[in-house]
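For clarity, chains are labelled A, B, C, D and E in written order, and residue numbers in each chain start from 1.
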């Protein structure tokens, strides 16, 4: 059994979902996503037991492209994130009715497939293919099942697609250039290439463009809020929960080791950009009227911090970034789900039209509040572990980075609590608000359980990711 | 050689069937016949042989491209059934012309003598003039035919002039001899001039900027099936021929000898960039799908021209690119044929809601557009990848960056169509599920994806 | 019998041919009457044919002349098809001015 | 450099060449400038004859004959038929906008200058034009080459003509619509 | 054994929280209240056991549970340190906590969400215990933020009122500002000494040869900012008065007795760091003194009974920081303890009053409650005497020691502190007179319902009053049990141990006189002259400034909040749309080019051929003529 099993399960799942018809689609999709989760846990065990779970097959001879999937700790952690979030996301959609649901769920599984592939691929081109593939399902999910004015949505979605594609095409160019030097797309070979500082600069920039748009780092974020708002919540969850992490993961896996000199040289600029994102995102989030948009900007702020952590080129920064990625993945999915729960009842995403929900739905309030608190990185949640580590690493680079980045804990608390206050608190709303159903509750509970458990005991994850991050660091510091 | 003879025979059979009143059998028999020809052609693969005083020189290059042409023709013939349903008396003519056109095309990639090349290109062109104007009661079709004819024969004149100058320099029409003497120091300047004039003529055929103006008008005015033919088969033939001309006559080395290579490459780069940019940008505002695809074709021509910078190594890449492009084009056009069969135009509005009424066709069209846009797993992506790889290897990184930017622009209009299919409400009833159209669409897109999954199959053919 | 080019020079044939060819191009651009445009294209082809024959003499080689036959065949075929198109246009719009062919644009 | 003919000591052949060339160019121009299509056609015929004269001058009699038969005999007749069929005359000709004429003249001058300049720039052919003395352009030789060496293109030309034929028929055939 | 004990100590309140959260509603109010109280009481008992153990052995107990966060050069355990300081804190946290829980059973009985209230209280106790017994700074930080969270939840307990929610939010965010400071402090310390563990840190600092003192001072300053947030010092004190929006037991427990002292706890805990940063110590002292004065002046004119107590709390905390600034940690700790007793008592008393008046908090509408609520009156009187520094009440000893310390270090700060204490005496008795003496000024309806609170309320009051009276015994001048008890903690020799000489006695006398003076003025003004504070619109002059708290909230609003909000609006409306337009602009440019380009495609063959020819000429001439 090797890592390709997960991919196969998800791909078969996508087809099975499509052919199972609209009625069964959601259940079949859930089943397969759970199977993928199970499979990845088994693989994790095998990996920990020292088994070789990588795959490498030659695929295209000239240019030399291999079907190479390699699962190290970092990759597995991200795969687990994907595998765990997918069933949650699918399950969370059970309360909604979607037209053509077979297509819908098939696309979700397909996207999950592509994202898993991205995290596993150890051949540059294979990675790129998965990277692009992930874009197509989300495009259709947002386009067809999205909400809001159709024309606006089209505009937002096409902008998103073109924008992200634009970035990644430059990455492709960089990959091709690297291939000329290395004669192979395999990551080990690419790591070995010796590039001049100037070459590295351009390579770094090309990668940065791709990732800055995907993550997004300001000022490349303009697609984000609109798409989050327009996409169906499931799409938003996929985007924010997993897809953003593709960008962040790629920074660690590809960008930094491939252009270490440039990474060191321009470290400050990129950290500064990340931190600017933190502050900017937080400030913009303050005055958002749309709940999903607000969450989008909060996401912008958080990923800014993660990116800043990654660019510190320290083990702590990496480790914190990865942990924060996982934590943020869960939290943001939960938060968007909360927005969806409210939408199911109130048919609105305008914060002004909400309020006074707490009295009617204590369970929902508690869970929502826990998520809000996790999002502001209250200690004892997993987010704190990540955020603390990242901030610590920033402080090692320059204390000002830590101070500026640390404003997130103030501003974050400000906008999240403000949002919580206006959405949940206040005089009891005249519109009835039914408390969470069992299905909804389960989704929330799983997310919260994960966040709290790792908040107190992050060791399994740390142990999993540390060796591979050390390897990456070694590559970065090789000369 | 056998391929060429067989194709010609098949064309004549088509005409005979009409006389024998076997009209219904024409399309099936032709398809079967073409499959046979394909098999025959496949048998020839790998042999390097020249026939009849080197009039026809069979090589890997020629057989591979011939196979591609035959496959495309099969699809086009298959689509003819529904397209010419209202013209039963003419169907044999249409099919025969297509088959003869294929003969011309095959001659163009397997010529060993410029006479064969010239006749081949003229057969192709004249067949296209006729097909473009074939909807004779339609003013647009007339206009398209006329425009194509006028400009095409103008270009033919220039090609002929080029051939003449080459002959003047070499004293022979034989490619092998030209290849050998192209490096001699004693060459008069007529040779490079002739070459350039021929290349310009071929650039017209592939619709590269600034010789592209005919393409959108003609594509728009011609009957849809003819447009399909032009944008897939004809374009592929033209670019393959251009490639063969340049590689066959040892142009690069010869130009290098005369210190003209650099300027030539500059020209190629400029034309390539101009074609990509003009094609893509102009396509943005088009409402007619055929016209849009015409501009898209112009931009793809720009991409394909990049292979001319690395002639010695990029035959496989060109084959792959053309195959990917043409298969996607066939798939797209079969959907367009279906959607616009009862319409008097091919505006995007006709595609509204296709995703709801005919999900399969919508998926096929989406896939083909994605392929053209260069999104992974579709072969269009790999085509661009290999092309970029080749070009970067040759050191033209700036060109590749421009190409990349153009790929981004292209998404804008490809996705306009996708959006129309999926996010707008259907505005018309679409009845009927013509088998041949569906089959063509699905088979071509499956081939396209298969190429994407196993690129080596095609890519390594010409090694 | 000596080579006639000794007296005239291949350059002169080239120049004549080029001039003729350019006149053909000029005609195509200058006239709006489709028939005259066809004629101009014929002039272009003839210019080339003339050069072929001159080169044939220059190389003392018959291939050039053989090529002229093909070129004639092509010219004939083109004219036939062109005129057929022209006739159908004339039937449809009652004019053969190519200025009237501007429906397809943009 | 252009070899300026020395008119004083011009040989007959040179004179004939100049004369023929003059006729060719003038009639070609007249073809284009004539208002009446019929006149154009007649000038074109003269032009073709002068080109045939060039062929004769170059000693390729067979080609000259074929040229006259094909061009003057076939193609021009086709033109004339069409002109007459359409009943064209001067009035039909639409007024040409000045910009068109200007553009045409500009491009004519441009391409002429460019091409001439290139050929002038090129190194001139020096020395004698060799004459092998072999017969290379008699009907016999031509026939041999055409039907032996160039058999395949010859056959292929038939396909070209066939396509043109089918095409012409296709374009002019009236369909029985309700069949 | 120790591990289990520690776990019981920590987890019982958590268990109480969980039970109340999940089953509280179905268990009924009394039962959930009882569960909450018992959970804390158990912790109290455990604390007593631990206290016993520690006093007998004299050594701290260290408990390590597991590795928590791994950072390359520092490894952070989830572990507990139970030593003299933490156990002392535990005692009064759980002790007062138990009393307040008990009190709340009655006080909150009418609230429909009583189980939640107890859940939150339990959670608070859990976090507070974590804060106190954490073995390193990061575990402290869990508790630190956790108590902030509980404070948020409890301030906004009546969540239907958005003003309360605002107050809760404000508290949380103000605290977070401090938390950032704390985090930065931790980062610096972590990077300097590669540890956040108290014990290791202490040895590391002791053994360090060439310390980077400026950096360490910076760390200390950052830590102090954290303390400012939590312990409501200038400039981060404004949340505390607003926090009075919460139910009164909350104010008593969190905003008077326990949570707000976390800052002092932290500084005391890290005394070895602060000792080295003498500049920062001066800053602490100055800020403490100023805070105590400013808060006291504001307290002079407040009319809301809880606000008065809140400013008094701020003022007292300022005094404690004054002591900390002079390195007199045990003095500060001493005042923390006595303050906890009398302030909790005062708050609970005021709660009793509010309870009796059905939510009325404005002192202008009170008066004459002495007869109706005798127990409340007497307990509050005792506490007021204690806080005013009347001799032999607990406050006298602790406050006196602070002033004494101040006198030895800095006369100006001593003066400031003394003035603040005089004011304290004044406004406390102002409160007493306005509330309990004279005639009742409220509505008839209220008057009709006036009654003494139930025993569940009065018992804690009485216990606390007793403690407030005799609490001073633990550190009598010249013979301080507390100083001895705490001595192992401190790196330097104790500062608080003053030899009692003539100066000291004089100072004591001055302080007592000052206190009495304050009481006297209050007596004259509010008892003799029968003044009642003006209604809001009639307040003028200086007292208006004071009444409006120096307009600090407004200034903060104008300087920080409003700019951020308008910046947010600006970003949202201009930058975001601008950036978006920039991206769309690229597309628009392409479209515009396309639009213009379409015009070129005129459909005219002539033009097409013209361009063809031009192109041909260009290419040919470029290749052949350009050389």
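Basically, a residue touches a chain if its C-beta (ideal position, glycine included) is under 8 Å from a C-beta of that chain, and two chains touch if they have at least 3 such contacts.
All values derive from a computational prediction rather than experimental measurement.
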Touching chain C and also chain D, the following chains: B, E
By mean Cα position, the chain sitting nearest the middle: A
Farthest-lying chain, centroid of Cα atoms versus that of chain A: D
Chain pair that, of all pairs, has the most C-beta pairs in contact: C-D
Distance-maximising chain from chain B - centres being C-alpha averages: E
Rounded Å distance between chain A and chain B, as computed from the means of their C-alpha atoms: 42
Distance between the centres, which are taken as Cα means, of chain E and chain D, whole angstrom: 103
Euclidean distance of C-alpha centroids - chain B vs chain C, Å: 27
Geometric centre distance via CA averages, chain E-chain A, whole Å: 36
For chain C, residues contacting two or more additional chains: 10, 14, 21, 24-25, 28-29, 32, 58, 61, 63, 66, 70, 74, 77-78, 81, 84-86, 88, 98-99, 101, 103-106
Chain D residues counted as touching two or more neighbouring chains: 100, 103-104, 107, 111, 115, 118-119, 121, 125, 149-150, 153, 157, 160, 163-164, 167-168, 171-172
Overlap residues in chain A, where contacts from two or more other chains coincide: 162
Which pairs of chains touch, using the document's own definition: A-B, A-E, B-C, B-D, B-E, C-D, C-E, D-E
Touching residues (chain side chain C, partner chain B) in the complex: 10, 14, 21, 24-25, 28, 34, 37, 41, 44-45, 47-48, 51-52, 55, 58-59, 61, 63-64, 66-67, 70-71, 74, 77-78, 81-82, 84-86, 88-89, 92-93, 98, 101, 103-106
Residue ranges of chain B in contact with chain D within the complex: 8, 11, 15, 51-53, 55-56, 87-90, 93-94, 96-97, 100-101, 103-104, 107, 113, 115-116, 119-120, 122-123, 126-127, 129-130, 133-134, 136, 188-190, 193
Complex contacts: residues of chain E adjacent to chain B: 587, 590-591, 593-595, 597-598, 601, 603, 605, 607-609, 611-612, 614-616, 619-620, 622-624, 626-627
Complex interface listing, chain D residues touching chain E: 100, 103-104, 107, 110-111, 114-115, 117-118, 121
Partner chain E, residues of chain A touching it in the complex: 155, 159, 162-163, 219, 221-223, 225-226, 280, 283-288, 314-316, 319, 356, 358-359, 362, 366, 373, 378-380, 385, 388-389, 391-393, 395-396, 399, 402-403, 406-407, 409-411, 413-414, 417-418, 421, 424-428, 456-459, 462, 466
